[in-house]
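Per-chain residue numbering starts at 1, and chain names A, B, C and D are given in the order in which the chains are listed.
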């Protein structure tokens, strides 16, 4: 049975380590904060200028001066600090954030990521996504395995890239893939299926994936 | 001390506006935007503006009010997804748009204010953003060169300010405001609270007064919320 | 929360030191220097250091104590005029020296911490500082390219800090400390006052905890004054 | 009679305008703060990270955390703000400081300035001087006209430069020179004597100046 969105978020949360500084994208990645394992403390960064993001406010306690990068009202924590946009992206670009978990339209087997633009349709902009994938130490993509039955894990992305060779791991509703970015475009084989959602046959993943990938020995 | 306080936003902008100019406006979404100054820009009728701002407001709020009046010719932004009129004008070719990654935008503004004409960044390498720009390898990694940005006028919103122009921002309403304050040939700040010099602890000043030429004080602001997300009590 | 607090300076540096490494040390003159951490570096005996610091201390104080023991192979500084031993070692060829203009030094460090491998500046164009470096014209003016700096270890001194590593500096003891905190692969902060998270107003934090990996708290410091200048009362 | 150091500082203070942000170098330039004309408020910047520098402290009130760029103990004012070294030099490099008044070893008729190094003797370092002359809107040099009877105003500097084509005005004990930097190296005549200290003969200035200069009509 494929993973639910909560299952996917729970699996992504297993990538967190105590003391990590983490940036969560909008959509399914936001759910990850609900599944932080016990005994682990992470600080969530919001690229509009905040470290130590707290939960949504109680009704009536919303503060228009306190929002996250998705423009949602949030709260602060005892660990919170605020800073300006240049410092925020200095933090991101300078490699100080341990982990970024974000959504994607397409991921290629060489680690290329596309998640900001569909040519010919309205373009909303990349926001901070290009900075995050270029600067954060480790990039985990959390997305549905297919879109309208079309594969999203591709040999090469067909949409304009957000970043080239930037993705380290992809978690979909069907399984988990690790990408060895150091392989680059030089040869196939940089992508490896390392986990299957319980009861999902390997054949199904193969059929729904365009990207070439190895299978971790013993899997499936 | 030279007087930096002006009676209202229109007075604070008097003599600073001309068609075709470049204006920076602070804020992220509708958070920390210079709303009184934007309204005064609208009233002034100045047009053909190039506006540097992370977002373009929403329909009828923030920079959206300058889209209504077609005063903006070009936006330099990282994300404009919340604005339907924007999409409409852009698709009809009535509005130019230059997308910058958010961090590149912030750094370009910071560089402009700090006398740095250009810098290199990893962000955008291998994407549309780097097309036509100089690429260069440092220590085995490829970077793209981006240019500093200086505007004719920077508009910022601060929480507190004193007569010298020292400013303090509040929570995530800080965002682009401090860097833009450094990158305007002239910077005008709207503030929520006016205090005397010395009332703000000098270690806690976010923007030193040197960056602010004019100040306008309004005690109340609209401060719209874009996404009102809450949780239940006792959950 | 992962523990960042260490019992003393030696413990805070344990496992981080190796001969030939590059260390940044905050401070301007003797103001805001990480004096306890410098003393622990001396005790450790680590040598062949490249030290990035605006100044080199004075004889017997600040980084001067690492010159006494010949632990420093090279200094990257803007001004070393207060140190006689320095002059002596330099003229005997026992110490390398790279002068950077003070603003270029600060910007190189800030760039290193912010993932900027290189930038252009007007400072030093037409002088010895620009020799051998790339020159480039932007908008009719000539600039020189300077490189970002990242150190193996950054040592900073702060006034207050909490267990998360959020730091606040005091007056002109701030100087190079906040930028160096961002540019160390590991950053160790010595603090004068330890408080609990939440005790520092989040709008007033100068260095967010993400930049600080280890903290050591000492309640008292030597804090020598280099130039005691005073005026008469009732003048 | 040549100007005294105080006279020179007073003359330099006449270059201040209300609301100016000013950086004063060490030595004679420091004296300028004693002669700020009535009705004029300026904010003094200290490049180690302070705007709004106050006078020396009363005895016993020295604070080791509060020094100027000359490492002297100072005080703060109600207008004071503190910032880090990167912001301080962003302020300087970005052209936000109106006026820098500093000392010099040599100034050339094309605006070149040398004030940081004498080759073969110990080198102390340029500190913030190169940033100041490159970035500040207007640079005024305050110096003795000669050193051991050797001219300091030269055709070309012989010492390593602090900045090329950066000086706008030179005030010495004998007079005041304006330099039109836009003339650059293209031709002589960028430098003009615009004032003489009272009673100083033009002939004396000519004799003690190697630089080529015009004399403002009506002077001398």
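FYI, contacts are C-beta pairs under 8 Å (C-beta built on N, C-alpha and C of every residue); 3 or more make two chains touch, one makes a residue touch a chain.
In this text the structure is predicted, and so the values were computed from the model without any measurement.
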* Structure fact -> The larger set of C-beta contacts, choosing between C-D and B-D, lies at C-D
* Quick one: subunit B and subunit C, Cα centre-to-centre, how many Å? -> 32
* Would you mind pulling out the distance in Å between where the CA atoms of subunit A average out and where those of subunit C do? => 35
* To do: Take the average of all CA coordinates in subunit C, do the same for subunit D, and state the distance between these two points in whole angstrom.
  => 28
* In subunit C, what residues contact two or more other chains? -> 107, 110, 114-116, 121-122, 169-171, 174, 202-203, 206
* Structure fact -> Multi-partner residues in subunit D (2 or more other chains touched) are 76, 82-83, 86, 89-90, 92-93, 135
* Asked: Quick one: do these chains touch in a line, a ring, a star, all-to-all (complete), or other?
  -> other
* Which two-chain combinations touch? -> A-B, A-C, B-C, B-D, C-D
* Asked: Which part of subunit A faces subunit B closely enough to touch in the complex?
  -> 46-50, 55-59, 61-74, 76, 82-86, 88-90, 92-93, 112, 117, 122-131, 134-135, 160-165
* Structure fact -> In the complex, subunit B touches subunit C at residues 107, 111, 114-122, 136, 138-139, 141, 143, 147, 168-171, 174, 202-204, 206
* Complex contact set, residues of subunit D against subunit B -> 18-19, 21, 41, 43, 45, 51-52, 76-83, 86-87, 89-97, 135
* Please name which positions on subunit B make contact with subunit A in the complex. => 28-32, 54, 77-82, 87, 90-91, 97, 99, 101-107, 109-110, 121-129, 159, 169-179, 206, 223-233
* **Footprint of subunit D on subunit B - complex, ascending** => 1-2, 110, 112-116, 162, 164, 166, 182, 196-198, 202-203, 205, 208-211
